[in-house]
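By written order: A, B, C and D. Residues from 1 in each chain.
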Amino acid sequence: MTAILWAFDVVLAVTLVALAAGVLATASLFRSIVLFIVFGLTMSIAWARLDAVDLGLVEAAVGAGLTGALLLNTLGHMRSQAEFTPEPSHGPGGRLALALAAGTAGLAIGAAVWAWPDAFAGLGDRVDTHLAESGAQNPVTAVLLNFRAYDTLLEIGVLVVAVVAVWALSPMRGRVLDADPPGLVLAGFVHLLVPVVVLVAGYLLWMGTDAPGGAFQAGAVLAAAGVLLLITGRVAPPQLQAIVERGAVVLGLVAFLAVGVAVMAGGHAFLELPDAWATTLILLLESLLTISIAIVLVILFAGGRTDAAHPPEDAAP
Amino acid sequence: MPVVDLLALVLMLTGAAFFFAGTVGLLRFPDVYCRLHALTKVDNLGLGFVLAGLALRSGLLTVALKLLLIWLLVLLASTTACHLSARAARHLGVEPWRRA
Amino acid sequence: MNDWTAALALFLLLNLVAGLARVWRGPTPADRILAAQLFGTTGVAIMALLADALDITSLRDVALVLAALAAVAMVVFVRRVWTGQPDPEEAADAGR
Amino acid sequence: MTLTLWYALTGVALLVVGVYGLVSRVHVLRQIMAVNIVGAGVFLVLVAGAHRRPSGAIDPVPHAMVLTGIVVAVSATAVALAFARRLRADADERTDGAAREDEARAG
């Protein structure tokens, strides 16, 4: 048993490092991106091996549905222009110096990791002690939505800032996308798949309080469904003009702040969930967060408003 | 070994054989259209056998149904992806292989 | 019998790694993007086998997510990257 | 060698590969991917370290941090890609005339 799993770990680790090297070494950007998608999916196997199912779920959704889509999308945008610029090389001396510097840093960090004590409880025992009063059975959810809710609040803030940043960089000229009809097979596929994906997201959200799953996992899965709808022209690209769209972006952040402040009326500190209400509040927050995260990720994929005043140059058929 | 476990093992080994055949096909077939067969047909059969074996091993109807759902989703995705990539390859001008 | 499922997971991981050679060799972009599809079948099988081998039942949910999103990369590829023009980089690669 | 140590060292290896790629490659898309690989290495070290509780259970705090980390990494990647596209679009606008000439010659 152990020998087999060891062999598994060795193959997995070598594959991960080889994939990372391949991503950065290959000349073709497209090959690089495909290897990067594969790298992300392989990471989800590593998370599975480390008992990190929550991470495996989010990595599977992000790796299969989002990062690759983002990169391929950008490549599609960039490729319309003269594209291939060979990488200027640093010369053997420069490359050696860089490799030595990176290697030395790696050795230092590796030595620090090597010196780790074998047994280290971390904060795990404290989480276990207070798990019953957190309102969630899944310790990761308890940490995210209760014990370290500040982190999660700020993270939702980061997502909103990312949308603002992406929007501030638009409008930009580019190729007209998603104008062609998707074709019968693809249209039928999306028609069949999207409801199932929404169901899977709902399942992950519902499971999240007791088992691996939760707002981030569900949001990432739901976002992938949104990407499919967007890319096949089933929904129009978001323009962030309507109050509904803008509201959805800040929904999670506002709900989080509202709950954080509301509990203060009962004499609690900011974001300190009262024990009796914790489960209800966590479920409420997670539901709103799921919607917000999904919409933010889809908007990030859409990548900015299209400019009606300056139509893209190859808009003509 | 109980009969059920033995049957599950046989199913999973059959699945592994199909996966192996799929990998050989993916590496050895001459063009992308042939390779699609290896990846989206043979591997799917392998997955079906492996999941059937696992469902039998778990002995739970709920687990079996979840694994069935997984298989159906993969079938749907593979079928679509096969069609899409073959079409894309044709539009990209990839000539189908012919025996020389 | 967890041994058996762990061994099969290892065997399929080796299959996956061998299949990745196709990503590297190409030659067409369609060949490369098939790698994402490889995770739709082999990756799902590995995840389901690990759920049994490691006794972590929730890993089946990871397999479910992988299965549900297996075709997304391919859809993005055909809708956004494939433009019908030959790819100058692929030509550069082929010449290497 | 324990499971923790093996995966933590794998994370360090990813870190080294990512940092080397980040400083040695020039194309912005590859640099964005390099940053993501560095991030993956850091995540792997953190989560491997969470596997050391004497009880055999895992420490959920690093898991929660990495979970938020993955989502933040995706949004940071999206912002970086938007920058890359904007830079490319602006550069194209400047060299538009030259590009058109090239096209005319090629056509």
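In this section, contacts are C-beta pairs under 8 Å (C-beta built on N, C-alpha and C of every residue); 3 or more make two chains touch, one makes a residue touch a chain.
None of the values given here were measured: they were computed from a predicted structure.
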item: Between A-D and A-C, the pair joined by more C-beta contacts; value: A-D
item: Centre distance in Å when chain A and chain C are each reduced to the mean of their C-alpha atoms; value: 19
item: Distance from the mean Cα position of chain D to that of chain B, given in whole angstrom; value: 31
item: Whole-Å gap between the CA centroids of chain A and chain D; value: 12
item: Residues of chain B whose C-beta touches two or more other chains; value: 73, 76-77, 80, 84, 87
item: Per-residue multi-chain contacts in chain C, two or more chains; value: 29, 33, 38, 64, 68, 70-71, 75, 77-78
item: Touching two or more other chains - residue numbers and ranges from chain D; value: none
item: Pairwise chain contacts under the document criterion; value: A-B, A-C, A-D, B-C
item: Of chain C, residues touching chain B in the complex; value: 1, 4-5, 8, 11-12, 15, 18-19, 21-22, 28-31, 33-34, 37-38, 40-42, 44-45, 48-49, 51-52, 57, 60, 63-64, 67-68, 70-71, 74-75, 77-78, 82, 84, 86
item: Chain A-facing residues of chain B, complex; value: 73, 76-77, 80, 83-84, 87
item: Residue ranges of chain A touching chain C (in the complex, touch as defined); value: 1, 4-5, 7-8, 11-12, 15, 19, 22, 26-31, 34-35, 37-38, 41, 44-45, 48-49, 51, 53, 56-57, 60-61, 64-65, 68-69, 72-73, 75-76, 79-80, 83-84, 86, 175, 177-178, 182, 186, 189-190, 193, 196-197, 200, 203-204, 207, 211-213, 217, 221, 224, 227-228, 231-232
item: Contact footprint of chain D on chain A as seen in their complex; value: 9, 13, 16-17, 20-21, 23-25, 29, 32-33, 36, 39-40, 43, 46-47, 49-52, 54-55, 58-59, 62, 66-67, 70-71, 73-75, 77-78, 81-82, 85, 87-88, 90, 95, 98-99, 102-103, 105-106, 109-110, 113-114, 116-125, 127-128, 139-140, 142-144, 147-148, 151-152, 155, 158-159, 162, 165-166, 169-170, 172-174, 216, 219-220, 293, 296-297, 300-301, 303-304
item: Interface residues, chain A side, partner chain B - complex; value: 183, 185-186, 189, 192-193, 196
